[in-house]
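Okay, so chain A shows up in both of these, paired with chain B first and chain C after.
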Partner chain A sequence: MGQRQGSAATDAREVTRITDGSRDGPGHGKDDQVPGPYAYTVWFVCTLLEATVLVCAVRKNAFRRYLLLNLYMAASVVASIARYNILSHYGYSSKEYLYFYYYSDFLLTILLFFALTSLYSHIFAELEVGRYIRTGAMVLLSGTALFSYAVVQQSSSRLVTHFVVEISQNLYFVGLVLTYVLWGAVLKLRETRTRLIQLILSIGVYFSMFAANYALQNLYQSRASIFEYLTPLFGCFLPLSWAYAFWRIPEEARTVPARLAVVPR
Partner chain B sequence: MSRKLAVILLAMLVLVGAMSLKTVVVAHGNGSVILANGGAPQPPIPWDNGGAPQPPIPWDNGKAPQQPMPGK
Partner chain C sequence: MMAGIILACSVVLLLQFFVSYCRSLIAASSRQTLSPEVQDVTGIQRTASGEDYTRVMQLLQLCPERPEDRNSIQAVSVYFRLLNFLRSTIARMVPTMQEWTELERGHCAYFAAVALERRISFSRDMLAEQMDG
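Moving on, here comes the complex of A and B:
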């Protein structure tokens, strides 16, 4: 009991010490403890776009057809509002915001994973392999969870938080690979549904933008301030492109694959 | 090979590919994490203690030979 109390006290001291550290960057206010107007504006626009996706899907009768995609967007809106409440109530450097941010991110990543799996079901609908896709998704999720646990099991403190952040990041990479595999399937099966292609390509570009941003950030560490402007903007890309796909592209639209013209000699 | 085993094999292949990619990317990274959900400002990771060198463990007595036990 005493040991547990001691461990909790060390935990609290460590978090306070870490979050007391200054955090420079354009997205942050002058006192380093609150996000600046730019960060708030981008966040607000992003949340507005996520809500727009839901409105567009309902107006175009696509809410139930792409249920998991819309559930992910709805969860993102709810998470944004809750994060804003916690941030304004407890502050940017608070433990409450820190833990809520990473735990909600974990849930959102799992929802995005299932949304991506639902796109597999759409692509392979004619082959009637829904059961196998569900099995594959569960095996993949369990494997990622096991791998994440194996990585963090050496951590003596905050094992659960370590695990939550690790699995979020691992699922991000799994999602990245799955999107490219899905794009390969779209090309192989000569999928023609324009809206579905737009939704899949949007996720692919979204994941790739974050990966490229991370790589460039590490390559050019002296220009970190530029990337701090860019990273939150990338978060707006997915809701923007999905809203466009639901609003502008009808379900019946088809993309005819390009064909090579045979020129008679 | 049954279809179920093929699905499990494919899932494992995807997992191996993703974790290899992650290892390559993170090995060259600065310790930050990639999170791709919305535009909320990301707080620092709870265990990110900066890049300061780690001090030696207090109970590490170096490489001096150990004294034989008196009873032996």
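Moving on, here comes the complex of A and C:
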């Protein structure tokens, strides 16, 4: 997820083409398509930033406090290394790389979803509603999965692969709505922890950038090449802002959330 | 149709989150008082005006970059441009928005002055290290 190389709306079409065997790849013949220097550079920078988040969190004693956020970053680094290995062994156009890319992305999206619910737990810690948050998250995840299944089952012969792509995209939008609700709770409950506020706002910016990006890709499918440059850049935002929050903002820092709202409260 | 709705929602929420994120970056620096020499250089005492921003940014670019500041300065620069855009369009018709954008532009300028202060002390530390070495 962090180091997406392709555009997601074209992703589904790519899956169809490759799984239908209408495109060349190691399984089908030549393997001449590779990521360019730009994609490699952004990928490397993004992975480096994800590792930086972990280092910053450990150095500032925030690893255990924000365990799921850090686990997500650790998983992103591992996925990135594994993707590079598979890419160098099998090639960019191979089924192996494609399947690994989408299935790892699917797992990372779910992990990010749970990281977001852990932020809910931080905000509602004093109300002791952790059990309800976990139940709510599971219900929402199941609902999104069912909706995604309903969407793909009518139109696809490669059900599982299409399902994986569809649910990842839908979870981004669900994540965006959940972050907005969480931001509302921050303002309502007058949460003052600056670091926590910055982590939430960063995830909100990240989800909304990707959700807008997916929607734009669906609307302007003919301009896919623009998104191939933009999408990986968006992926760098979350590790960059989290690294900043862990490194620069002390856990004790406090801010008045009402001052941050767009509409004054 | 569905993609259009999702796009509209995402852009509105993106703007909300982005503005709040930038304000959280600025809020952290608003409590910091500037040293007398930075006050002299920038001409900013306690509060800054939007007009100071460009000048302070020019001074900022003269100092060696601190890697940890780069992200926040870029985000606030985008925010400042967004405020300028609002100021020259919607705010012309809505007087309260005119006041709000001017206040926010001033906060951006103060943020840049605090960043300048940090860069100056960073440069001093670097110079001291070189002299010791």
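Keep in mind that, in the parts below, the second predicted complex is superposed on the first by the 206 of 265 C-alpha atoms of A that agree within 3 Å, B and C clash if a C-alpha of one lies under 4 Å from a C-alpha of the other, contacts with A are read in each partner's own complex, and residues count from 1 in each chain.
The definition used in the following text is that a residue touches a chain if its C-beta (ideal position, glycine included) is under 8 Å from a C-beta of that chain, and two chains touch if they have at least 3 such contacts.
All values reported here derive from a predicted model rather than from experimental measurement.
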**OP:** Name the contact category of A:A185: first (chain B only), second (chain C only), both, or neither.
**Re:** neither
Original post:
Given the superposition on chain A, which partner contacts more residues in chain A: chain B or chain C?
Top reply: B
**OP:** Report for A:R248: first if it touches chain B alone, second if chain C alone, otherwise both or neither.
**Re:** second
Original post:
Can A:F173 be said to touch chain B (first), chain C (second), both, or neither?
Top reply: both
Original post:
Taking the superposition as given, does A:T144 touch the first partner, chain B, the second, chain C, both, or neither?
Top reply: first
**OP:** Tell me which partner A:L71 touches in the superposition: chain B (first), chain C (second), both or neither.
**Re:** neither
**OP:** For A:T194, select first, second, both or neither according to whether it touches chain B, chain C, the two together, or no partner.
**Re:** second
Subject >> First, second, both or neither for A:A211, with chain B first and chain C second >> reply: both
**OP:** Have a look at where A:V42 lands relative to chain B and chain C in the superposition and call it first, second, both or neither.
**Re:** first
Subject >> Footprint overlap on chain A, where chain B in one structure and chain C in the other make contact >> reply: 173, 176, 211, 214-215, 218
Subject >> Complex contacts: residues of chain A adjacent to chain B >> reply: 14-15, 18-19, 21, 23, 27-28, 35, 39, 42-43, 45-47, 50, 76, 79-80, 83-84, 87, 92-93, 97-99, 101-102, 105, 108-109, 112, 132, 135-137, 139-140, 143-144, 147, 155, 157-158, 161-162, 165, 168-170, 172-174, 176-178, 181, 206-207, 210-211, 214-215, 217-218, 221, 231-236
Original post:
Which part of chain A faces chain C closely enough to touch in the complex?
Top reply: 173, 176, 179-180, 183, 194, 197-198, 201-202, 204-205, 208-209, 211-212, 214-216, 218-219, 240-241, 244, 247-249, 253, 255-256, 259-262
Original post:
Can you list the chain C residues touching chain A in their complex?
Top reply: 3-4, 6-7, 9-11, 13-21, 23-25, 27-28, 68, 71-72
**OP:** In the complex, go through chain B and note every residue touching chain A.
**Re:** 3-4, 7-8, 10-12, 14-15, 17-19, 21-22, 25-26, 28-30, 32-50
